[in-house]
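Chain naming follows the written order as A, B and C, and within any one chain the residues start at number 1.
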Amino acid sequence: MSEKLLEIKDLCVSAGEKEILNGINLKINKGEIHVIMGPNGSGKTTTANAILNNPEYTKTNGKILFEDEDITDLKTDEIARKGVFMSFQLPEEIPGISVTNFLKYAKNKITGEPVKIFAFKEELKKYMEELKMNPKNMERSLNVGFSGGEKKKNEILQMLVLNPKLAILDETDSGLDVDAIKTVSKGIEMFKNKDNAVLIITHNTKILHSLKVDYVHILVDGKIVKTGNQDLATIIENEGYGKYKNK
Amino acid sequence: MPDLKLNETPVRTARNFNCNNIVLKDLKIPENYKAFNNIEIDIDNSKIDLEEEISSSKLTYGLGDLLEEQAMKSPNKKIKLNIKGKSNKESIISFNFNEENKNLIDNIEIIAEENSKANIFIKYSFSNSTACKNANCENIMCEKGKNSEKLNNSYENYYHNGIIRLFAKANSSIKLTVVNLLNEVSQNFLSIENNLQENANLDFCIVDFGGKNSITNYYTNLEGEASKNNLNAIYLGKDEQVFDLNYIGALRGKKSVMNIEVQGALNGKSKKNFKGTLDFKRGAKKAKGDENEFCMLLSDTAKSLALPMLLCEEEDVEGNHSTAAGKLGGKELFYIMSRGFNKKEAMKLIVRAKFNKILDTISKEDLKNEILKEIDNRLN
Amino acid sequence: MEKNKTQVEEINRNIYDIKNKDDYDFKIKKGLTKEIINEISDQKKDPDWMREFRLKALEVYNKLELPTWGPDLSELNMNEIATYVRPKSKLNTSWEDVPEDIKNTFDKLGIPEAEKTSLAGVGAQYDSEVVYHSMKEDLIKQGVIYTDMETAVREYPELVKEHFMKCVPVYDHKFVALHGAVWSGGSFVYVPKNVKVDIPLQSYFRLNSPESGQFEHTLIIVEEGASLHFIEGCSAPKYNKVNLHAGCVELYVKDNAYLRYSTIENWSKNMLNLNTKKAIVGKNAKMDWVSGSFGSKISMLYPMSILNGEGSKTEFTGISFAGKGQNLDNGFKVIHNAKNTSSVINAKSISKNGGTCTYRSLVRINENAKNSKCSVSCESLMLDDISKSDTIPVNDIRTDEVEFSHEAKIGKISDKAIFYLMSRGLSEEDAKAMIVRGFAYPISKELPLEYAVEMNNLINLELEGAIG
């Protein structure tokens, strides 16, 4: 059974004076993994930021529905609490707050319930082992001084802990070596179930080697120009975006 | 003569920190002086008009009332440059001190019209009238040191008090380089004031080497939106020279940008007070300011005082400053000496390397070479 | 998205604002004259040398000018300030004996509680006199002295005479002279050679009486090879007229000794806090300052380390948080006066709601301080566009064999960081508060737990109404 989770209708978004997205349509159902691919500057990161209503971007047209509710103009934290998660391409460094404390706090905000410390720590430990993360990082300030790979793994850890309905992974694979990409894919597999969905945003296809996806969308110049299955990714891998760019 | 207090900082701090101003004792301010005749002016006439009538309005900062009054009321040289169009040539005004021309009180006003462009050099230098004709200029400079006592007496009246004012109108783009290569028995006073309108871009470069005392006040009012001022300065002190540099940028316009980069080296018993202020005024949203000052101490009797101020009454700004002082890195020195240079040569090399970033912005090759030569002379 | 801006509301300072009745045993008449000083001396039963000292300090006070820099102090009228207020309590060594209303105030501030759990000794001053002092038995046995200043003047005259206002001489500035003339209360600590006091000692200063001043004198001597952590807390309820705090802290850190001096200052917002703190640091000794400045209407506070001993070190970690109507002009001074000395300065400030923070400092590395090091880092956060933040550091380097660096930054909370935290479900207010707490963390982590908690509460209290 398919059930609609996210629906984007005719979305146009600009940053400053510049229009970046011009008319995006996308539907994501529970249980699905979607991939948006596209060359640099095509609007992939903008799409992710627009879903979470980053105030740096302005929506000039269109709607975003989440579980049939209009979330277009909700504040970022309200959208997050509805169950949308975004793994950042460049996670911010927040000095002075440890990863553990941050996650505890965020989990409490998302669930609205007090966090049971012991169970929480056990859960954290389990995920970290799976993601091959250094336990020492947990007491360090959030992302401060983390390597690129550590930051990305930390994003996946947050996804697992906060357990959203829809996880948007913005370039989570970029800049990672083969082993790290495998670990990240494993994290996604651990997360994935029939009731949630994943939207992977990427400009290369490496991560798709170790992950089975349902839909691949090609984004060029702020529009989805082609949608297909995993085979489309293979075609892109071999041929590049050239033929879509001319359109 | 009462003590003369000059170069007040925009904000005072504790008196015993000794940096609210500089006090000069027993300074003789010349009262009767004749015309200053040794001036070379070579400007791009097609784009720049040369005039004499200059503004009489008061400076916002300046070095101090007494000196300002002298330069406003009774200068012995007034120059006004009116930049009408886009000039791609180098324009230079060169003041040459010698035994006949010992006192210069100059008042220079530069108006950059909208969309204009210019690259202007103002040079203050000294040449012994007989020496400079002599190809072997350096040797004579050296000999002077030996007889310094005698020479001090005859040179003690070298005096420069100047004002340089720039009004940069919208979208103008100006490069202005001021070079001080006066001798070590001069008194050098200079007040610089810039007003930048919308999108005006000013690249200012100061090379400050000469003078027994060299006291400079530099103030830029970044009034226009997106106006920008880069200030690059180098100083090089030796013997008992005193430098007092008071550089101020007032950021008023939205998205205005001010960068101050100062590199200096102090040898002998020289002393430098660097006072740099980035002043973010309310309303200067998205303004940015950066200020860096590095002082190389080349002797254990040299003294460096730095007061890098950040004043801020606007939230949406980015301001950074850093200063550092210390002697040349031992490793650096060792590396260069291991390539066969002696210590003095290695030191020169490092100082030149640090200055190069700023010197590279000087497009006039002959002037740049003259400055490089002067660096070598001063580090001997 | 709509940006939330500062509200101009008074913040509920709850526990700090408990006002007790101005119920004193003796309150000197307002003003500052020779007669008044003599009267204070009479009341305090000063020995002759102290009476003379006070009168001489008054002369110096009358000669010195107000500072020509920094915040405007023109509202201070010494004719409207009572410089000595003796509470209705003698010095007690048992908490039970402290009078009820005074006890309640300190109870609510958590003072006796902290003593039980994490302190080696506690002193509590109410207005001009210390009402309670106690210290753990084993420290007494090791010869540690922890008592109020008056007792010290009586019982350890030699030690006091040798050190009292020698580190901070009365002619340092006008308010030090004032302090010398009217000082009352404060703590005296003496740690004998090689004794390590592992748990902190704490003095808490509370000014209850309106239109009065507190002038406590803290004198700490840490002998060779000894170590101590001393904590100072201050608060007062808010009145409409100005109160004045002109305390003086003198610290002697002898060769190879270690002293950490932590302060959480939360005076009410009608207080002029013109405090003077100075340490003289001996050979291979170390002096650490941790300082949180939240209260006061005007604060001028620049603790100072004088590194007189070869190889001595000092570290300053401080934060100021200025809100509506506050002008906090704080900083640090260090003089490098011997070879191989080093200093590290970490200063932060937060301005909001029209408040002004100024970081003012002096680093002086003298000719004799070869091979010394100093690094300074200042960071200022502006929470809105009606506040002010200035950085005025003087760096005076007089020798070449040094490593000196200074860095400063000013700006607002990054929008990107707020978005990142909001994407994890935190509201904008929570996100900002988390970033501000994180900003202050380098200081709060240096404080004992209770104080760190207090500091975080203060930050939350200050941010309430500021953001959201």
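As a convention for this text, a residue touches a chain if its C-beta (ideal position, glycine included) is under 8 Å from a C-beta of that chain, and two chains touch if they have at least 3 such contacts.
Predicted, not measured: the structure shown is a model, and the values here were computed from it.
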Chain pair, most C-beta pairs within the contact cut-off: B-C
Identity of the chain that, by mean CA position, is farthest from subunit B: A
Centre-of-Cα separation between subunit B and subunit A, whole angstrom: 54
Interchain centroid distance [CA atoms averaged], subunit B/subunit C, Å: 43
Inter-centroid spacing, subunit C versus subunit A (mean Cα positions, whole Å): 48
Contact footprint of subunit A on subunit C as seen in their complex: 1, 414-417, 419-428, 430-431, 434-435, 437-442
Subunit C contact footprint on subunit B (complex, rising order): 11-15, 17-20, 280, 282, 285, 295, 297-327
Contacting residues of subunit C [partner subunit B, same complex]: 67-70, 360, 362, 367, 370, 380, 382-412
Residues on subunit A engaged by subunit C in the complex (per definition of touch): 52-56, 75-77, 79-81, 85-86, 88, 91-97, 102, 105-106, 109-110, 141, 158, 162
